[in-house]
Amino acid sequence: MRIDGRQTNEQRPVELELHFTKHPEGSVLISVGDTKVICNATIEDRVPPFLRGKGKGWITAEYAMLPRATAERTIRESSKGKVTGRTMEIQRLIGRALRTVVDLKKMGEKTVWIDCDVIQADGGTRTAAITGAFTAMCLAFEKALTEERISEWPVKDYLAAISVGINASKQILLDLCYEEDSNADVDMNVVMTGSGALVEIQGTGEEAVFSRSELTAMLDVAEKGIKELISEQQHKLGKTSDRIQETKGVNTDDI
Amino acid sequence: MRIDGRQTNEQRPVELELHFTKHPEGSVLISVGDTKVICNATIEDRVPPFLRGKGKGWITAEYAMLPRATAERTIRESSKGKVTGRTMEIQRLIGRALRTVVDLKKMGEKTVWIDCDVIQADGGTRTAAITGAFTAMCLAFEKALTEERISEWPVKDYLAAISVGINASKQILLDLCYEEDSNADVDMNVVMTGSGALVEIQGTGEEAVFSRSELTAMLDVAEKGIKELISEQQHKLGKTSDRIQETKGVNTDDI
Amino acid sequence: MRIDGRQTNEQRPVELELHFTKHPEGSVLISVGDTKVICNATIEDRVPPFLRGKGKGWITAEYAMLPRATAERTIRESSKGKVTGRTMEIQRLIGRALRTVVDLKKMGEKTVWIDCDVIQADGGTRTAAITGAFTAMCLAFEKALTEERISEWPVKDYLAAISVGINASKQILLDLCYEEDSNADVDMNVVMTGSGALVEIQGTGEEAVFSRSELTAMLDVAEKGIKELISEQQHKLGKTSDRIQETKGVNTDDI
Amino acid sequence: MRIDGRQTNEQRPVELELHFTKHPEGSVLISVGDTKVICNATIEDRVPPFLRGKGKGWITAEYAMLPRATAERTIRESSKGKVTGRTMEIQRLIGRALRTVVDLKKMGEKTVWIDCDVIQADGGTRTAAITGAFTAMCLAFEKALTEERISEWPVKDYLAAISVGINASKQILLDLCYEEDSNADVDMNVVMTGSGALVEIQGTGEEAVFSRSELTAMLDVAEKGIKELISEQQHKLGKTSDRIQETKGVNTDDI
Amino acid sequence: MRIDGRQTNEQRPVELELHFTKHPEGSVLISVGDTKVICNATIEDRVPPFLRGKGKGWITAEYAMLPRATAERTIRESSKGKVTGRTMEIQRLIGRALRTVVDLKKMGEKTVWIDCDVIQADGGTRTAAITGAFTAMCLAFEKALTEERISEWPVKDYLAAISVGINASKQILLDLCYEEDSNADVDMNVVMTGSGALVEIQGTGEEAVFSRSELTAMLDVAEKGIKELISEQQHKLGKTSDRIQETKGVNTDDI
Amino acid sequence: MRIDGRQTNEQRPVELELHFTKHPEGSVLISVGDTKVICNATIEDRVPPFLRGKGKGWITAEYAMLPRATAERTIRESSKGKVTGRTMEIQRLIGRALRTVVDLKKMGEKTVWIDCDVIQADGGTRTAAITGAFTAMCLAFEKALTEERISEWPVKDYLAAISVGINASKQILLDLCYEEDSNADVDMNVVMTGSGALVEIQGTGEEAVFSRSELTAMLDVAEKGIKELISEQQHKLGKTSDRIQETKGVNTDDI
């Protein structure tokens, strides 16, 4: 039994609150247990210099935590005058993952900016950010399509992420909360599509190692969790969800 | 009639959501119309170097806006690597205002960090931040008193802030929303205590000027607004509010 | 009696030394008692990006202190690699105040850069900077008119600034020197035009508050001081002063 | 057949030049094909603040490329005034991987600084850096043991890393050179110990995805490559290699 | 004949205005023709970390130009957030030169900070800064001796600096003004003591070269100029000058 | 006899390894005793803004040391976020010296970037960098001429640099190693052309001074050393060396 009473392969309650703030083209508050992340998507009518004139778009992400998202106050990165390595890793991961499921050519020369701001942290902020960011991006594309800023639906598949780990008793745990994460021997983040394909895996033994069979066991559990997350995305996105289905011919029952 | 149907001396609906996030010693989400600011208070057991060994505490504030708190995406200050002049002005103002109503000696050698993060902006973010920050600070002191981290109640009076301005038709407007603020000839922020004393006034004519009698009229309206804000603080703070009353012998009917 | 023998409503001797250095379009050394600020004005033939193509000009200011302008050596902001919040506040204030009395359309697409460098500080550096900066700006516009870089006189009115405060004995003091400023309960900076209109007021109780009637008393004294400062500007500016009079029909006897 | 004539599961020639420069406690030039990285290890007699007094050591890494390590000149990070996200990710990866095979308590309160400077890049710089850094760290510990700066041998196992990927023809390729890497659909870096345990896997589909069976195939090939790298480390480290064997009872034939 | 009517070996009028501002321990305004530099000396009761506990002092310098010291406005280094290479070179040169003529052990563990701020530039700002800085430092030591902050006079010899160059007509010119400096083939700065010893020479051919005999000719002229500068220092320093004479037994007639 | 057994006027063994890395247009590893510097030259088809449209090229240099080029680990400048004054001085010196022997008009609107990275330091890194940088630049121009990126040979003369100093026993030493440099009273860097003309001299007495006759003696010895360095450049550059001879009609026997 886990510290919050969950089964080893049980994830925390997930909630997606759409249209959370009024200004962004897409805005979602994702809650995964006590982890809460505001994910906002902005569509800008230009691309970074390296893409100009190539007829395709770009997706980039920024991630931050409010100073008191954490139990101890964290110094604000704007006050330090620089962004930490951890933040940069997460930002690069979110952008890379989203680009995998979007047909950048269909976007035209536009940039989607994803802003993930953690207002309360309890483990799994980067994976919650990916799952929420995907949802906010879909809302933004829906609005852009309605307003004819884009002419075709560019999202090819669903995308969600979850953490999985191994604790000191060698148990495989799905969706680690902060306390579990701090004590885990191995920590892995998995990003998958609605079709069950892998987009990114990052498995790390911090002062510990893991075997190939443990890797397999972790991936099995992660796959189960991601299926549930995508089911929630489908439920909340409604007609936007239909566009993804049509684009890909995906039926999540088949994952 | 104003763009949102209000009377000239009518402020927007105000809401204080206490204990908004779980980690901070004091956490409040203040909504003033569509302006929403998360105000978190942290108590740290040390003071800045210039105060060490002087037997008194310190209160300091940081302020930021999520990139899509605004209609257009604003570049993140952490990405720019520096904090803008506007942010610094607001941070200094919030800290200075709060210190005015706290007996720093009663705090002991502690620092209160106030983090004001605007998640949605529609004018008046700095005054909403002050009103919300005061409330969050009171919650944090209440917790610290209960846990015996401080031994005496240090808050001497209520504190709230509001904006007031003059539009092109020379009307005095209370609590400007973003569109009104952008078009105002004169913009003034007023910070007052529960006893009706002035803590800070900052009146600015941007490419316009104002007379002494207009100043008087603006202050009259601001005073009315601040009375209503403090009334809401009293209502929400409950027993914590009683501590302020006892410390000061204040009755808001007398303001 | 004040520490330097002045009456409570008496300001320190003011001196404006015009054409202080040879390179700038306008150069003034202002002395207010022991406070000495070099104010240089530069006219540049372009505007910031947000104003391009709008047919109007811009006025912006920078402020700094030599490290030994103060009793203790202050670290150079270039060595720290960043500008403090105090400096930013002052820079923004100076630029905003000057823009209020200039018809930016008459300037054409030009920028006036104001550089205020404090070489000796004894309180009131920001107000001295405004009074000196206005004078330097007028010299620069005079030169620009003579050289036909601008075709119309753009300055609509005089501009000067002064500090006023309340000490622990509740006396209202005009033009605080450093020692008075350090001990004041309330400190207020007032910027006014030659016509007696308010441009900016910033009143602050640092760990103290003030009443509406104290505010009125401070403004009365400030107004007296500003009248004297503008009288000195008129005297020194000579024919340039006439241009301001003509533009506005102002007679300082009427302020 | 690959662009440089290799088999799909064949890695490039690897060379470890020990004692490459004279000052560092451990210095190695690793060449993997045309990729050349100087790996220097420094032992410092203190630990970062968060570890002080805890009786254990720390290992941290820095990574950089000479501007012309690449085909196009890359701007120097010192000139830009900040380190890129890519560099930070690599630095964190190298440090984390090395800490996994070292008993930090046996080091005492010391820090090992690893500096990896790429002087010529042709793909796989981060994995070459890990393999070279491990070797340099062993040399540094050998010297520290001889000089009695440490009293016990702290390295528990070998460590090496390699890249593996999938090209557009769905072939699994071991040890991608730059051109292959630029065109790969999937890129994965694998870090393993001499005992064949996983330390870190980072698999990324850049605008592509991969299946669980492809993941398995990539890991098989990576394992083969890492065995060869560790065999080379053993050969070059000589008596230092014996210490690792003794510490762990490892026989690489068993990997 | 030179552009300002001087002989080739004639320097511009030099003026040293002692006690220029009131706060610094030593304050001098040096004018060399139209070049004007405020040189302030501060004595601080501690040394940089690398000298702690070694019983000797340190002398360090900072140099800056007001934005409109120059004909075109120069961007403020604090706004750029970094100090240019040119500024750093000059700062290092001033500090190094001053340390050569001071017995650092006699200072005790103190630091002299020299601040050289150019308020008007017309060539030769770095050499004027050295000559002025030496004078300001002597005033500061005189004050420190009087106040018993130091117990012995530490300055061993005079110090002054001058520029010399070769123009396109191969003439050797002493003390180049800005226009001469911009057009010179060779530019050399020479720092010498009152005893005629060399402290620093920096000779540079910018897109030109120079012969050994030209070097000799430049040094002859520089020596003449420095003698005159030191004569002016002696005249202005009065009794402080006597202390230097006694310390060194120098008679400038003998230089 | 010197610490490494050399005569006072004897330099350390010099080696130039051409085409050291594969990517740069010109790449040289220069070894001067134990000092080793990688010098890479890049030709870019544009010039800095201040030269655009002027029909001439530019040469600029960057210099850095690997953290463990030195006996103690030096903090990486990219980690500090800024370049030290020492580095800036050296960079400016290298660029300035190279520009002296190149006809910038013959280069056309191109920039040569020189990157000097010290991989092992034992004194004289900046002079070794100049000698190596000149050689790498010649290789780059040779390649550019062959590829018809430039149409004329632009290098007018050879260029090399060496250090010379005076030790505590008043001996003149050529080519100081690190230990000699640390203890020298006077340190001078001399840059000369193949024709024996001076390009730059920087002579510094750190807490010591030097006479005119000592300066002469130092220059004599430096000249001898530079002749030997240029002889080595000629030997290694082969046909490229012929181009320099033709351009200038230089015969090094005549130096």
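Residue numbering begins at 1 within each chain, and the chains themselves are lettered A, B, C, D, E and F in the order written.
Here is the rule we go by: a residue touches a chain if its C-beta (ideal position, glycine included) is under 8 Å from a C-beta of that chain, and two chains touch if they have at least 3 such contacts.
Please read all numbers here as calculations on a predicted model, not as lab measurements.
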| item | value |
| --- | --- |
| Shortest path length from chain A to chain F (each step joins two touching chains) | 2 |
| Centroid distance [mean C-alpha coordinates] between chain D and chain C, Å | 61 |
| Centre-of-Cα separation between chain D and chain A, whole angstrom | 29 |
| For chain D paired with chain F, centre-to-centre distance based on mean C-alpha positions, whole Å | 34 |
| Geometric centre distance via CA averages, chain C-chain A, whole Å | 52 |
| Of all residues in chain F, the ones touching two or more other chains | 81-82 |
| Cyclic chain order - from chain A, heading first toward chain D | A, D, F, E, C, B |
| Residues on chain A engaged by chain D in the complex (per definition of touch) | 82, 84-86, 88-89, 91-92, 96, 99-100, 104, 193, 195, 197-212, 215, 219 |
| For the chain B and chain A complex, residues of the former touching the latter | 21-24, 27, 34, 36, 38, 40, 42, 44, 62, 64, 66-71, 73, 76-83, 87, 113, 115, 117, 119-121 |
